[in-house]
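In the part that follows, the structures are each spelled out as structure tokens.
First chain A sits with chain B, and in the next complex the same chain sits with chain C.
Right, the complex of A and B next:
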């Protein structure tokens, strides 16, 4: 009898709770919008991403007043240490224990892809800003929950590689970081080189991270290619550019193309070593007034100008929060759907929109690193050569391979 | 002429580059071997102290305007003194305990040092220019050899040979070797063994700092530069035979070359080849190439 009563009570409780649960799906869960950032906080990508990205996202939260219609915005951060397993474990933990609403993923494509899987399984909104691999909106796409914001390997190849081939630098040798990011960047750049009439003489895969690139550079030198394409990032890029100069590669008549170069890399290399490098970037602090104004505020807080990843983090967090405000919910699919309707225009993005496959298409910039004479001081590093309209910069939806969109 | 499908010039170039990397390995593993030999401590802080050496050179230039050449002497002295303080204050109380305690302490120390430099300087690295006298390249016909890299080989060879001579051919070295064999007996002869131990630790640490200064102009001066190299150096010491001076030097250069060649034949495997060699050596000769069987 007692058991029967208990069951009856339990049944009644469930019946009462059910409408509440259903309602919860339409509002903000736990009365808080919870954002978690998974970044490289201490490794080779932490200068271009790391703490600066946290500062940028905090700026977006402050801009929204720290709350959305009375629901507080909470921010958590963790170091993924460039390990996919650590990243996905943290994401699972945040999902199970903290009921996280948005995960902002930073640099490292391996981790980026792993997070895409976890977030789509757990129905968490996911925006990646630092990982370069175009796989995030192609073979590994999850367009209902996962967005890719700042740049991708396609845009880098379509910018830097195409521009250089058109200048007559038509034979390439690649030095590639041996993991998901490097492979994808190499693949995209090879396609771009060949599509524009160039040839690829060879490639070498360097372990990530590597301190000494001299062996690889010597092999590239021996290949006789006109251009040595560096499909790497962060400290790997710095070391390879610096050592290319040391080994007289540029004096020998070969060009170095750093396919992914961040502002912090140029700062670490110095203009003497970096001058003349062609690069593609999603953002430059000095691109226009809006960018300058925001970057000045960022510099006050962080002590350095923002990289494109950090600016992209700000932009994605800000637009996510706006979408939450407009929809009145933090349910992942509803917010992501809203983001796809909104024009994306802020300090970071020009002519931006989120495409069906989750890619944030926006204008990119082809830039060249200034010579020491041209530069007027610290952080004055790029000449913007031209603006690449979003549709030219990124791979078109038709050429993409996102199964969920293609059906 | 070609060697395994690799043109000879490229092959020669790779050999030379292997030697350059080997030079760093040799100086670092030499310091480790010395410390292990006399103190029986696996000095996990060695990589961090190598990094500190590079930073001291950077700071000397940045703050005091002291250039590369004085720094090459000053940085090892400063870091060596720091090492002596570590030995006296931290390692001495652990001398009678299990080796593990020394290992843990030095590991903690490495994390502390790295964390501190990361806090103040970030990870993107600081620039340190190649000194004017060593700018430029030699054209060897088969490759361009940067003058500075050639200097790295020469400088490390000099330091390695001098250290080896000191240990093997001088009275001080003989006393040190005796203390390794039987510290109590040496003490009975009136030798101040604790002082000897302190000086040895300081010297080993100074060698790490010297390698750090050598590395500063090639790599960016970076708080993580030590942790990137230290595990490899440990493997090299094990391959050479724990505590063997000659073993540390020879296997340092040898494995640098081995790694360099792997970068041509199978680049993806170049960061594990040293550990594969270590595993094989441990199976075939557990005491290492130059170690005495226990």
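Right, the complex of A and C next:
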């Protein structure tokens, strides 16, 4: 028993000592800036995130010369396998044993929020690219350490809905994946449609996941709405888009808007099925010269054009490293505070800034998927219809529910 | 596999105990290994990351609970994730929203597991073999959909940031080391219950039902009641493991309630050795360590996990522990205890 108590005390002492070391203000801790990436490397998000994101972050590190004022930049990566406990475990381990400075989290909302909890507890900088959930800067916000970079459900739903209603597509029908994510997407889009003078003619909830969307699509077709909004993701989106094509919905004069679609989804669907889809994206490789130039370099290394998540990874790592250089420390709160002062402008971001609640607000793009005739080859998939200014696309600070900011 | 004895269960276990006292050599004594194991686990957090071992212990308890059903009652449940995952949600909700202390939260989760086990078990044990497995799978999928839809679970975001409330309202649980020792205590308690169950008259009846249900019934045992009790016990312990996991990671997510998790626990038990005490513990340790270590070397995790499984199925039909103890017994010129043959039976021929 005595032995047990001694061990308990020794253990508790080690546990207490670790955060004390990490909070050591000023300077770069243990002579290295350590970046850890927790991504889906083998599962459903590995194409839009995964290895490509690692390549993108390595590009950012190379751009900084691999070091900051003589302190090397180290990169660690791990596959969270879409399990929140694995992500959380690795983040804690990296924090307690490796004294990690920044964690870059990838797609999967459950893991994304779990990492936010760990990093804010351990005082580690955390930037998420790829998790769709808006909770990262609302209910589960941690604005002193945790940032959300590329997009969230609000921006995508809102961006698409507002832009389309303004173009006169003012009546909507929603096909919604019947779980929290789908409901949120639908709710955001509905609000935006109504706020801009449009009407919602109806909605239908499809079980998640669904193989056969025909009855839902027929209802949507019969509703007479100008736009059919797909509030779903992943294979549900792919199935519903393919089947909408088979029903000739776009040819029949209705528009199909996908509220969450990645470049890799279009690649998987093929232009025959995806043509005419309207969507919002945070980045398109062909959006302007800067993006084209960077994307060409990325393609050389990775063999594919970057998705918005991969480009966002690059952007967040690059700006984090710049902020470390300017502040001269890798202490999380100081660097995050610096990031909130800096304009975010690079190959990925246009007119970007990090808001108080941790959301990176930047221009989004309304895009329409090209027809096979318009496309000049592989990856030439989108027509950028117009730019949506960041403040229009993202939820305003007043509408958010981040307790730390609202006080 | 020989027939079970027409002795009463109590007599059987008595004979088995006597046997082991006479013949078990020091190295094969489970008690010795238990002492070594616990001693190792007490000092382990000084050289292995405590959160990691705590996680392994949780899954080991989960696999052992599953094995109680498959290994000793011969019931292959393909829905154990429901108990593991749903209990985690209940514990998370109790700690976060209702402000329960740690031990009450875990108790609530365990009770939920037991209750859910009673409901699912009562329906499932009416059928056998593949039908039993399919019914448990179907019912656990219903639980999954409840977790996906119910407002309190947070959908795919999961229940996050669950506070580590103090144990009994006084013992601080915020440090990883304290949580680790809590988990270790719960683990030992759970394994002890399983050990006692397996080595009790009740356990003997379960084994006899596994070997020949008709004969057990003809001897006057109400097989369904025994099976249901085993099911509820297994579900409660799976719930206990799930609830404990919430204390470690402060979250409950859909991963734990998905059918893949039911598959993973089968994998753990099969890999380690079905129907052995140490097998599921070793199996869980291997799988969880693989998942954690391989995570850091890229995209190979699931492939390696699959390969390990294939190799084990080809080379160690009885699972790692099952195979080792089989070899050991062969070498000692004894028959297997682990595969269900009681030493007594074998000596009679």
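Criterion: the second predicted complex is superposed on the first by the 294 of 407 C-alpha atoms of A that agree within 3 Å, B and C clash if a C-alpha of one lies under 4 Å from a C-alpha of the other, contacts with A are read in each partner's own complex, and residues count from 1 in each chain.
The working rule: a residue touches a chain if its C-beta (ideal position, glycine included) is under 8 Å from a C-beta of that chain, and two chains touch if they have at least 3 such contacts.
The structure presented is a predicted model; accordingly, all values stated were derived computationally and were not measured.
When the two structures are aligned on the shared chain, A:78 is found in touch with chain C, with no touch to chain B.
In the superposed model, A:238 makes contact with chain B only, not with chain C.
In the superposed model, A:42 lies in contact with both chain B and chain C. Legend: residue contacts after superposition of the two complexes on their common chain; A:178 is shown touching both chain B and chain C.
Once the two complexes are laid over each other on the shared chain, residue contacts for A:93 go to chain C alone; chain B is not touched. In the superposition on chain A, A:212 makes contact with chain B only, while chain C stays out of contact range.
Across the two superposed structures, the residue set of chain A contacted by chain B and also by chain C is 42, 46, 50, 178. Taken in their complex, chain A has these residues touching chain B: 42-44, 46-48, 50, 178, 204-207, 209-212, 214-216, 218-219, 221-222, 235, 238-239, 242-243, 246-248, 251-252, 264-265, 267-270.
If you check the complex, the residues on chain B that touch chain A are 7, 9-10, 13-14, 17-18, 20-21, 118, 122-127, 130, 137, 143-144, 146, 148-149, 218-220, 222, 224-225, 228-229, 260, 263-264, 267-268, 270-271. Put simply, chain C touches chain A in their complex at residues 42-43, 45-46, 49-52, 55, 148-149, 154-158, 160-161, 175-178, 180-181, 245, 248-251, 253-256, 291-292, 294-296, 298-303. Of all the residues in chain A, the ones that touch chain C in their complex are 3-4, 7-8, 10-12, 14-16, 41-42, 46, 50-51, 76-86, 88-90, 92-93, 96-97, 109-110, 113-114, 116-117, 133, 135, 140, 178-181, 183, 208.
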